[in-house]
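Structures are listed in the sections that come next.
In what follows, chain A forms one complex with chain B and a second complex with chain C.
Let's turn to the complex of A and B:
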């Protein structure tokens, strides 16, 4: 389609006539220029209907021709709910209308208009309540009537990200007042961030006369010269405590949307004013536009909006639009001046404007009706900042009052005046904002040792010139019923009906009718909604009040809220080797670990028969130094530590103050006042917090340093009957059984790497040595072990094999075989609890537990049918239904060829030889026998002490 | 332009003592300074210092730090292997870091020599402003196990700034 309605070049136009291209609208090709919005390009081709309304599917066309326009939601290149009056059209773009069938022009759902009188407020609530059983059917049918586009099913490959900013002054709004305030603040030395929703700075100056355009050029040059960071096509979506301001930034190269988290020392609110629609019969017909919409179309996009126009004006904007229309060659057939009590009674038409009935009885044929009946001040940012909306009857609009010290307002939401007056006021506010920001910066830097913020001179507050809203007639509801909320298809009659039904506060009427709850979010329809409720209740607008504005001010995509998707994984220095050798990854907490290398049973067998190595780097490791470390260990662990000699290692269990098992691990004494502690992998951070809590609050007199060194070491467990033989080939340490006994520690070189810590322990139940290697050399030692042990049958084993090995041995895993209620005696740790110690964490509770006999006990269990492995968490039941315990760990034992388990079991069933019933999750049950020991393999410990 | 270099092999020694030791070391929490040997001494935390970029072998650094006059409990620990160290250099690096780090990195709040612990992309990172020949430069110290995650995030954020990765 050709651009039949395109005007010759206009002084302030933003289109680039050198770049012309084609895009598609509902499958047909259309022409556009770079800089056109989707809607302006369509309007330039004479397209007047862009959408159908939500409820009645009435045809809709451009209304405000900006981001807030409720009538031009489209799907663009598969993206639903694109605002066509704001989104720039691009070459080849495919745009289509939404929720119309079979076409935008002939929409079957427009039949809703025939039954419109039955679709009043509360229709859904009242109609689909009963019978309840039919709700699924209702739900299915109603789903077909939901408005809006369809979410794409393909993954969103666009980039969304976030950034932080720390401006001294953030200005929300880039009209003349916002720009003037920004320049003044920057000139006063402030770092300024200027944010504007439009694609170009300037606000209403963009469609001003020659003098106004010259002022705009000067302001833009001043903004650039002042070094102000400018974000256009961006919106301040909210302001939170401490002037934490969220900004949604679009039009960033390579980024779909960016959420900017700005910590502003001062914020200036400068959103300008919104042209308010007139509520009168036929006000939603295509061809009814706000004055600012027409001025945008003519001046920014060089589009002729109609042929014969009627203008209803109550202010200078309406007066000016008549001039614009005349210049664009539109025949202005009637100007109705509301200030002279002239009015539009009804707008007539079926699929577009055809005529206007005037208050003097005349019926004027036309295809365009332009209204300029008053302004809405968008006060959301002011009110979410702590300010209030106060109605000024003489000016027929709300204004912000009671703003906090770190928020100011400039421009139209404050008052009216000439451009010079608005800029003079804004300049003073900008300078004052900079002054306050400089004091705020000093206060913020007071606690920052490296900050070099200079205290500002003690200058007095800047005098702010008076700026008040000018007198304006109150026009809102006309003489006939019209649409109030164009997004939600809510009429003035609907709101009045809601009041009659008892929803007589604006907040209730809003929720009952959904007025202001659509995509416009009250920006266009807010005041008219209040006026409709006020008209029904008889109260004034001031008494009726406003709805509560809440962030975000505009919709924010989930992508922008999420930002970049970074998976923060902890990796051992050996993880690359595991990946390249076929290890199945296991994500355990923040760590990624090798679960197995393909055959965990064979890995178990290698450890039992020969030797295996496992990467245990994630084990929590802490360097403990100081003369009072023994006191700390005595306090933390339930067993005794004071006699631990240099060169020895001991297993310990920590309990919380309620006696519940918290963590376990081994600690070795490396020197007189130097220890190395290990914890569980998942419990390392909590254990560190636990230790620091004691040291920093309860035992501040103790001289102890606890330093996390988990990542300092690559930790490798060398396990199996041939582990000594293997390790001996790589170290000069004397590994002879008498020289390096079970539960001892040595330091020395392994595979040529100095400063390794080696201790002899036995989590797997086999002779084993845990080697802690300086992390950067971990891979070298790992490879050396594998190469050196090739003739010994060595193989790496993963977490699954380790879990089987330790289960065969009956070693508990804290958190797996215990839970948030398992105290030490219940975990089978009777042998470790030393109640004769003067004190330790959890002692009073454990004293009490010892006197009771009512707690679950950890026991070894073996299914009678050894081929069946009951899943972990299977319940153990008595008398068919009563739960008396559960399986905490279970595996098929490759060593025994029999299923083995650990479980928590009621005391009266925990005696060795008792047979219990285990209910399987899928139904059915099995019998299992309580074993005399936790250990299923080598209960005497011969192998690990070998 | 910005560049990212992996300096993990650089010696790193942690010192823990009461904050008074800062008088002897010449630097307190929040700041960093080069000592007479050329090593960068970073006020890493309350009563914690990190010595980086020392020209001497680690045992010598440890010996020197243990010899510094001080009466209280002092731990001097070689953490060379426990921490990864990345250097981010270039005029755009503050902007690059603003994609990941909520701290105000402007010259008046975080000047050359500033040292702080901050979240970078959700990771706890020690951030040291250590300009090189007048060019803006940051050292980022992170737990070694998270090195790959941090590096990936910086590279991702750095696309916009033409980040060159070395090492």
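Let's turn to the complex of A and C:
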């Protein structure tokens, strides 16, 4: 399609006529210039219908021709809900209309117009409620009334990002006032960030006369000269405590959206004013436009918006639009001046504007109706900052009052005036903002310990010139009912009948009719919604009040909120070896670990029959020093520590103050006042915080120093009947059973590496030595073990084999075999709880638990049919449906050739020999027998003590 | 929200972890179940000035007693728990 409606070059146009290209609209090729929005390019080709309305599927065209335009949500290159009047069109872009099956021209759902009585206010709640059995059908119908196109099913290949900014002054809005305030603040020494939603700075100056365009050129030059950071196509989406301001930045090369987290010392709100639609019959026909839409089309994009126009004006913007139209060659057939009590009674047409009924009875044929009936001040940013919206009846708009000290407002939301007056006011506010920001900077710097802060000279506050809104007639609802909320398809009649049904407050009527709840979020329709409710209740606008604006001000993609992926991955010094030896990676918490090296069952067998080594570096490790370490251990663990001698280790369990099992691990005494504590891998951070909490708050007098040393050691567990034989080849430590007993610790050299900590423990149920090697030498020791043990049948084993081994042995894993309700006795830790200790974390709860008999207990279970492994989390049921427990761990035991489990089970079923029913997630159930011990293999512990 | 850490200066709240209201642990030998469970589960959750325990987790790792207004998020004082009241 050719650009049949394109005008000759305009002085303020933003299109580049040297760059012409083709894009597609609903499959057909159209021409565009660089700088065109999707909508301006379509308008230049005479396309008038861009969408169908939500409920009645009426044809809709451009209304405001900016980001807020409710009538031009399209799908562009697969991205749904693109704002066509804002998004720049690009070569080859494929754009299509949304939710208009089967086509934009012929819309089956337009039949809804005929059955409109079923789609009155609250139809979501009323029509589709009963009978309830039809709900699935209703659900499908309602689904067709959802906004927008279809979410893409392919993965999002775009990149998103985030950054921080610390401007002294952040200016939200880049019109003449915002630019003047930014320049004044920068000239006063402030670091300034200027944010504007549009693609170019300038606000309404962009469609001003020659004099205005000259001011704009000067302002842009001043912004650049002042070194102000400018973000166009960017929106301040919210403001939070301490002027933490979120900015959604688009048009960053290579990044689809970037979220800027700005901590501003002062914020200036300068959003300008929004042209308010007129609510009158036929006001949603294609060809009815706001004055600002027409001025954008003509002046920025050189588009002729129609042939014969009727203009309804109540202000200078409306007067100016008539001049623009004349210059563009549009025949302005009638100008109705609301200030002279002239009015539009009704707009007539079916698929587009055909004529206007005027208040003097004349019916004027036309294809374009332009309205300039008043302004809405977008106050969301002011009100989320703590300000209030106050109605000024004489000016027919709300103004912001009661802003906090670190937020100011400039421009149209404050008042009216000549460009010079607006800039003079903004300049003063900008200077004052810089002054307040400098005081704030000093206050912040004074909070930094040992900072040398020089207080600034005590300059007096800048005098702010008066700026008030000018008198303006109140126009909102016309003589006939029209559409109030274009995105939600809510008419004035709908709002009035909602009030009649009893929803007589704006907050209720809004939710009942969904007015202001669509993509426009009240920006265009907010005041008209209030006016419609006020008209029905008989109250004034001020009493009816405003709805509450909340962040985000514009839609923010989840990608921008997520930002770049910053997942930190911790790797043991041995992980490279695992990677190059076929290890399957297991991502556990912040660590990547070897899950297995191809055959976990064979790895288990090697540990049971010969010797295996596993990398257990992620175990939390803490170096504890000081005379009061025993006191700390006594407090943190449920078992006893005071008598632990130098050279010994002990297994300990920690509970929280509610008696729930928190963590477990082995801690050894290396010297009189020196201990090494290990925790679970995933619990290391929380345990560190927990220890420090006690030491910094409740037990401040204790002399204990805690150093996290998890990554200072590579930790290797050498397990299996031949582990002693292997290790003996690499160390001078005396490993003889009598010299180095079970649960003892030695320090010494291993494979030539000094200062290794070796302790003899048995998580796997086998004779085993855990070697903690200074991290840089971990790989050397790992390789030395493998090389030295080749004749002993050594194999590296991974987490899966370790899980099988420990399950065969009945050793619990905190968080897997326990949950957020499992107290110590429920975890089968009766032997560890020492209630005769004077105090320890969680003791009162365990005292009381011991007196009860109403909690699930951890038990060993074996399916009667040993070939079936019930999946972990399978429920254990009684009487068919009652849940009485669950399987917490389950594996096929290579050692026994039989499935083995741990499970939490109700007390009346937990005695050995009881048979219980385990329901399988896929359906069906199996029988399982409660075992006498948690351990399935070697319950006597002969092997690990060998 | 900014918290002025006595060691690190004013820092964004995201560096800190809220831990709990500032409360006294009952004597575990003397506490009745009612008293102990109040300590575990019942919080004043005031609308207004609150005395809280925070951890500067991504900073100096110190526990801080923070006096904060829960409506405005204004932090009146933040003091090291370790030394508060001992100087």
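What we mean here is this: the second predicted complex is superposed on the first by the 741 of 946 C-alpha atoms of A that agree within 3 Å, B and C clash if a C-alpha of one lies under 4 Å from a C-alpha of the other, contacts with A are read in each partner's own complex, and residues count from 1 in each chain.
Throughout what follows, contacts are C-beta pairs under 8 Å (C-beta built on N, C-alpha and C of every residue); 3 or more make two chains touch, one makes a residue touch a chain.
Since this is a predicted model, take the numbers as computed values, not measurements.
Novice: Identify the partner contact of A:241: answer first if only chain B is touched, second if only chain C is, both if each is, neither if none is.
Specialist: So A:241 only meets chain C here.
Novice: When both complexes are superposed, which of chain B and chain C contacts more residues belonging to chain A?
Specialist: Looking at chain B versus chain C, the one contacting more residues of chain A is B.
Novice: Output check: A:844 vs chain B and chain C. Expected answer is one of first, second, both, neither. What do you get?
Specialist: It touches chain C, and chain B stays clear.
Novice: For A:696, decide between first (touching chain B), second (touching chain C), both and neither.
Specialist: second
Novice: If you stack the two complexes on chain A, which partner ends up touching A:658: first (chain B), second (chain C), both, or neither?
Specialist: A:658: touches chain C, not chain B.
Novice: Using the superposition on chain A described above, determine whether A:591 touches chain B (first), chain C (second), both, or neither.
Specialist: So A:591 only meets chain B here.
Novice: I'd like to know which partner A:705 touches here: chain B for first, chain C for second, both or neither.
Specialist: first
Novice: A:504 in the overlay: touching chain B, chain C, both, or neither? Say first, second, both or neither.
Specialist: neither
Novice: Looking at the overlay, does A:187 come into contact with chain B only (first), chain C only (second), both, or neither?
Specialist: After superposing on A, A:187 lies clear of both chain B and chain C.
Novice: Where does A:625 make contact in the superposed view: on chain B (first), on chain C (second), on both, or on neither?
Specialist: The answer is first: A:625 touches chain B but not chain C.
Novice: Which residues form the common part of the chain A surface touched by chain B and by chain C?
Specialist: Looking at chain A, the two contact sets intersect at 263, 448-449, 451.
Novice: Provide the residue numbers of chain B that touch chain A in the complex, in ascending order.
Specialist: Within the complex, chain B touches chain A at residues 8-9, 14, 16, 28-31, 43, 72-73, 75, 77-83, 98-99, 101-104, 106-111, 113-116, 121-123, 143-146, 148-149, 152-153, 156-157, 159-160.
Novice: Could you please specify the touching residues of chain C with respect to chain A in the complex?
Specialist: 1-2, 4, 6-10, 12, 17, 19, 25, 28-29, 31, 33, 36, 39-40, 53, 55, 57, 61-63, 72-74, 80-83, 86
Novice: Looking at the complex, which residues from chain A come into contact with chain B?
Specialist: Residues in contact with chain B: 161-166, 191, 254, 261, 263, 441, 445, 448-454, 564, 566-573, 591, 617-618, 623, 625-627, 703-705, 707, 709-713, 755, 774-777.
Novice: What residues of chain A sit close enough to touch chain C in their complex?
Specialist: By the definition above, chain A touches chain C via 240-242, 244, 263, 444, 447-449, 451, 657-658, 689, 692-693, 696-698, 700, 838-839, 843-845, 848.
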